[in-house]
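The structures considered in this document are given below.
Each of the next two complexes has chain A plus one more chain, namely chain B in the first and chain C in the second.
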Partner chain A sequence: MGKPISRREFFKRSLLGAGAIGVTDYSYVFKKFPPGKAGREDVELIPSICEMCFWKCGIIGKVKNGRLLKIEGNPRNPHNGEKICARGNSGIMQLYDPDRLKYPLLNVGKRGEPKWKRISWKEALNRIAERMLEYKKKYGARSIANLSHGSSSIPMRKLLKNFGTDRIAHASFDQCRGNRDVAFELTFGMGAGSPERVDLINAKAILLIGSHIGENVHTSLVKEFIEAVEGRKAKLVTVDPRFSMIAGKSDYWLPIKPGTDTALILTLINYIIQHNLYDREFVNNYTYGFDKLKEEVKNYTPEWAEKITEIKKEIIIEIAELFGRSKPAVTIFPGRQSTWYGNDTQRVRALAILASILGAVGRRGGYFFPTKIKLKGCPCPNKIEGEDFLCDTSEYPFMETTTECIREATLNDEVKMWIVYGSNIIHNTPNPQKTIKAINKLDFMVVVDIKPTEPSLYADIVLPEATYLERYDIPFMVADSRTPFIQIRRPVVQPLYESKDPFYIVSELSKRLGLKDCFPCETMEDYLNLALSSIGTNLRKLEKEGGVYRYEGKPFLDDFGGNYRFPTPTGKIELYSTKLSLNDKDPIPKYEPVEDPPKGWARLSYGRSPVHTFSRTENNKWLHALNPENDLWINEEAAKSMGLKDGEYVRLKNQDGVVSDPVKLKVTPGIRPDMVHTYHGFGSQSPFLRLAYKKGMFENALITKIVLDPIMGGMAKRINFVKIIKDGKEIDFPVIKQKPSGFKKKPEKEIKIKLTAPLPVGGHEEEEGGC
Partner chain B sequence: MEKINFYLIFANLLDYPDEKKLSLFERFENIVGLHYTGEIPPLENLEIEYTKLFVNAHPYLPAPPFASVYLNSENLYDEIESFYQSVGYGIETREFPPDYLIYELVFLSNLFNDENYKAERKFLISHFLPWFEKFVKKVKENDETGFYSFICEKINIFLNNRLKELKDGETNLQKRVF
Partner chain C sequence: MAKYGMVIDLDRCVGCQACMVACKAQWQTPEDYFRTWVKHIGPVQIKDEMVFTSYVGQCNHCDNPPCVPACPTQATFKDTETGIVLVDYDLCIGCGYCVEACPYGARFINPVTKKVEKCDFCYPRLGEEDPACVKTCIVSAKVFGDLENKDSYISKKISEGNTYIIATKEVNPGPNVYYKGRRSKIEAIIKNYPPEKKDTLPAKIWSNVLRPFVILGAGATFIGSLVAFLFQINQGEKEGEDEE
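Right, the complex of A and B next:
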């Protein structure tokens, strides 16, 4: 800090600066009206798109006098209609959260223990641009890396590619659904979609493996699920070592031994082939490599699988027959967060193959196709220097740049600056200890966020982004839908404080970086009008029409006259992957065992809370009230033998000696004894977040061990083991031998429920990537 | 020099510091009748202290300048805006939520200019002072420069006296411009 100044000096200086009348009169804050008549009486209804998670439900903001009063679903949106979830409703509390970032901040203290000074946008952007130009000159553009999450980070990613760096990783690829999408690309030539392209409403049978729909709330998907299962009586098979909410609604619950899912799927494939339950005509017309598949899976019998998976062989057979009977109307749900045990791309490949032999692709009740149309854009061309940088692709042939590549390159001094955009890398990337080590090696770090989350503690400059309720975003084409449409996110209220939208940030930065061909549009409105002109509309017109533009889809094989070429090298669904074969990887999935917990330890599993999104919403006042902390599911029998009681607080210690914050026990028969489970995203380490700080357990700190998927480099996280610590003492988990099991719902009395019209689920552009 | 009312001077001094705003400090001392005896920190230090107390800080933000942090009411924004509207004021800018300290001081300055002492008294009693007192306590506990503690504490004392005057019906304080 500077030296104190004398009183005289103080007034001399301040009066000099002040001029004759130095005060701010704040006359712009209020407007005078006749009493009681202030402002607009009416409530404006403004259509936009939710971003409390990345599902992009259509919303209507009810605004009076510039203040948001309520958020509701947009009935014009073909997916969610009038429905939104608890988080969607609580967007108001994100907008008006007093802990939000409000101004650009410069850290004048230490990394991790910042002392912040508010600075102007001009100063912040000047400083950032100076650093970028300096590092580019000294070390090349690739010395700057970007870690991002969500659609608002797309303009920044484009700008950085134009600047010359491809060290850009998004959490949704390597820590969430990248392996699923790579598996689908390899099999069908296209990703699985987000939302997933599943025609649930017409399904006769549905398979969920590890997907806890209902706890993972995506409004339109849950809606369609309920309708399919409760209304239309589709048979639901849930494979999950935990009795999840959706397991409770299932016809079959298979509490599988963790890590053995691929064994189960390959066995189903084998049984279906051996017993002629597959769709022969479809397989002949649309798939490649069936005979090789048949040969490869022939030893995966139900008897073998019973020993591996601890699921009764009779149940496996019953399910295979159910799928055979129901084909092609079988939804093999592709899953979402899929980075589990290390060889996950192959597990999802097995799912895709199972769906394919049942003929459940491009058919009602199975997967459907996306329908894209071309929109004009405001360009920002890629100008990456030299050869593409893609980590060590020899080992991981389908890897995009991952967080792990960037972490490693930073620890090796190849990267000097990070721009972290909307991504809580301390919570979402395993081994946060390593992330912090890498950060401490950096010369400079910028964080763009709406809240002071953990990464901002380590930033040199923090930029406050406008929330989804205060900004435009690039147009969202929902191409992966049976009823495709285009919708626009627009500001429902003006941005609070000095928060700015992503377009402002990148266009101001690109001016300072001298990037003339990046986003030549003047404003985001110009950008959107240009895009919308391709479909003969504009922003104003679209808003008047409720914010949604629909166009015709071609979701099923019928729409192509039964003549469809899959965008794979062979033009067919690749049961045998030619690309994997070329890259020396198994062209057909095999079962490979994963490490079991050693004696005394249990596997740590995690999932989502129905009212939170990762670590993004724990400080939201309403959502915090609904679910303030995570608890730890532990098997009843195990807890009894360990002397543990429901509701008491314990700590966890992992195999690398990391000890957690206290967490509340939930003792239940609904989980296997060789594992524990908790909700992800709690236990914030950022003291700025006054509600979320240290509430619950920061489970990611316990995920110190990772294995990279050999095909695409995703980070498997469910391979960490824990023990319980109570009153300072370590308690071993007992060895409880599991008999093969599998549960079937007893027939119940029919409950009459009223059906509403079927509501489709669809998908979004891959690039908008949320998890 | 232009005459301005004391609420506006308070608002300037409790807003993000710059040389213009700080030029009012002497007038502030005249209002509260006391000279600041501590050392006056350089502007940059005040900027850092201000950010720490009121904007974002590590390990936590001690004194957010928003009523809703100190009061427990689900409908606070509505209540405040209804009050503003009942006496003929609508918020024109939405840069901050309606419970922002500076907005509330500006609102009080408007009431003062309008000579609407009834509303001024009601707003102080039923809304402003209950949270402002808690806010001042937080500032005093956390301010490392002493500068903001001085300002906040004196404003608090001054406004409590002001309330007494308003209660006693002594309402000719419009003369009190500085």
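Right, the complex of A and C next:
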């Protein structure tokens, strides 16, 4: 061993070394050991809000001489505190991404093969306003459509409604959480919330159906979930045809046959009712339609469900008993991305009903209530004229404008102009071929983004937006919390290049459209001060207090003295939905079979990479280093019989003949043989994103078949089937019969040790218990 | 005297890799280089159990670190006050023998600085805040602290039981990073990433044959640093006194 060196001596040396190794954030080094050029005292700590995804974690930016050095969690944020995920930690690489959009651009080339000419903001905004006024005059305001995502697009949506168009769609609704929210709305009179309003920490049992918490890293949720499951030992039931990392932590893992989830849920409901495991008092006081429910579900027995779901009836019974025992502290997780098989609103309705009969609503361990307060804002009334007949609401009674409506209207020449705001509509929407066809019919397209994503290749004008680290946004009220709060996003550094914040874009545009009344505030600071005056504070004061204003919540029934009226037509939880009944839809969910893959084909499923947000982060240098491409999960037994090996590249072909880019195989026993699975967001088609371009497979290109949910029109996507192509040859999937299954975690022998004793050495069976 | 160590709870870990990026952000390592790692293993069948786990790893700050004798310039050393294995960047010549010697693959040569890098438990933050990876860990799977202090939280975590180290009968340098979690997860790690027994020949050559030359070289480096240091003083920046 080398000569012992004391800490003091080491630091004398490393003071010299620090400069040499090029570490920029040496603020910590110099606190006790006075500074070289990177002294800690120069580092400014600026509280703001993350937007590497939409969860809105509180962050602190460490800034020196106007340059962001590091991002950490904001300890004052009641949700994430000091914790931020890989993406949050990587925000710095989005800010300093050399591929960012830098200036307003005019496409003087072709759609899809742009030749970009740099123009001024003035010219760009003039051109956009001119077109908008022209189309409004010629075809009406509704000939202009907006596809948007993210908090920065809110002012634009307000402006467009004021301009007179309601053709505004969000993929985040109609392709993601829409049917979940509509199902909750119909049952409880309110959506499921974002963050989901689940009191996980007090749960005794948790049910996850098709929700891979942990792979979709929503920091505060994962933090509480793990504390509940590993810290407080809540029993966890995971229903997933794939063995996710969370399935690996579960007490029960149910590899269900895809498409049969509703059968399982209805069976649990029936068993719980038949065996008097439900919360009788709660059901009497707070629900509507229990007798009709009891009658409707009576044929869904565990024996029947075993055949449908391929889950052992004994396991189904055990789980029903577990929930009955644990009630009302049972979290039936509402899920998030829920557009799967085509009748998804009814599946989520079934989940909501299951929670309700267990009394797990407004009770500890179950769902809780949001607490909203009113904030002032700039007045901006909607001025929408006429009615929208395009989305046939007689067929889809609870439909809002969806991406599909806008796509269809564009193909029918009813829409002339798109304003695409922070939404990669080519990558995030199934059947991109159809999206591109619609775009090619447009007269004019504007894209506002921070990066040259696929839609910008097709735009006539591209506007560079400031990233979340360079701008203010409207105040964020986190009402879906037991400890509700309001937090503020503020610029951590000045906007780079010529990028501009959304307020500038929208207020400049509103002047040119003659709608200045819509945004009477001169600056975003004025707007925020106005909003914050409603809670007796202002921007400077709030920033000094760490950027978070907390207020009291009323999350549980107790907080209402047991006298709570649900905002539904009956004032109760609607087990039997009066609104669905009025609209000729099943007022109580029924099981409807979903088409199985034909012989030789497998179902294509998709999910999330824990280090990426959809298609937004693949060009981030640090995240790219962690996960540059998606792989394709394929069952070990199936792969073996097909002659496929782990790590080799293949292509996929779907039922409509679309062939994918090459994708790497991940051969594992942890997935059913009748499906394959991949991560969403990879395989960018934009050559201007130099890291992400063509890395991995663009899975939405294979999702050419969609079914609209009969209740709210969401796009179901897990109904596409694929075959493997290797060396130009098509390979059929084998038929592998599945026996009913369901796995229960075995208890493990406790190995007690003393700190002084030698520890068990990994991998050596004989040493077990030897300490 | 303290002995710093870490406990990593694999049952809590969801494999999100926040720790890797927080570490990277703290130490500004080049793109594809990380001082810590999260390797996903599985899903695989280990005996009658399906396992999908993460191998969360970094320098183990071993009791008998094989990297220390492998270093020809004594740049790598085990700090007597903290038990942390540190690298003196002034002495490191980037030869890479410690990289070869580490059974865990915890070291790399930084292609920009041409010096060796690895986890140092965020030594410069010591006594002020937790290492960057521990602080950001969204599920609190990483616990850092003094193993010698029997009242510390880390000692409590270890004495709870079901605690392991990543070592085998053949290779056990006395790591001070401990693992908790289901046994099958530990077995999956040992099976996929066993600590490697390294050939000590290069180290022997270094110590017996080449060392005198290297010391000469290191002396030259030291003089270089001294010049830089004096230059710094001339620029009006004084080295402060250690308050400890």
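The working rule: the second predicted complex is superposed on the first by the 704 of 771 C-alpha atoms of A that agree within 3 Å, B and C clash if a C-alpha of one lies under 4 Å from a C-alpha of the other, contacts with A are read in each partner's own complex, and residues count from 1 in each chain.
Please note the rule applied: contacts are C-beta pairs under 8 Å (C-beta built on N, C-alpha and C of every residue); 3 or more make two chains touch, one makes a residue touch a chain.
As the structure is a prediction and not an experimental result, all values here were calculated from the model.
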item	value
Which superposed partner A:67 touches (first chain B, second chain C, both, neither)	first
Touched partner set for A:496, first chain B, second chain C, both or neither	first
Partner chain(s) touched by A:626 [first = chain B, second = chain C, both, neither]	second
Touched partner set for A:88, first chain B, second chain C, both or neither	second
Which superposed partner A:547 touches (first chain B, second chain C, both, neither)	neither
First (chain B), second (chain C), both or neither touched by A:328	neither
Which of chain B and chain C A:696 touches, first, second, both or neither	neither
Between chain B and chain C, more extensive residue contact with chain A	C
Set intersection of chain A contacts, chain C complex versus chain B complex	1-7, 10-11, 13-26, 28-29, 31-36
Chain B partner contacts - residues on chain A that touch it in the complex	1-7, 10-11, 13-26, 28-39, 65-67, 96, 98-99, 101-103, 105, 108-109, 113-118, 452, 457, 462, 493-494, 496-498, 687-688, 690, 693
Contact footprint of chain C on chain A as seen in their complex	1-8, 10-26, 28-29, 31-36, 70-73, 80, 82-86, 88-90, 92, 213-215, 217, 219, 222-223, 226-227, 230, 243-249, 253, 610-611, 621-623, 625-626, 668-671, 743, 746, 748, 750-755, 759-764, 768
Complex contacts: residues of chain B adjacent to chain A	1-2, 4, 8-9, 11-12, 15-16, 18-26, 39-42, 44-45, 47-48, 50-52, 55-61, 64, 66, 68-69, 77, 81, 84-98, 102-103, 106-107, 109-110
In the complex, chain C residues that touch chain A	9, 11-12, 14-18, 20-22, 24-28, 31-32, 34, 40, 42-45, 49-54, 65, 68-69, 71, 74, 76-82, 86, 88-91, 110, 112-113, 115, 117, 122, 124-125, 128-129, 135-141, 147, 150, 155, 158-159, 161-169, 172, 178-179, 182-183, 186-187, 189-191, 194, 225, 228-229, 232, 237-240, 242-244
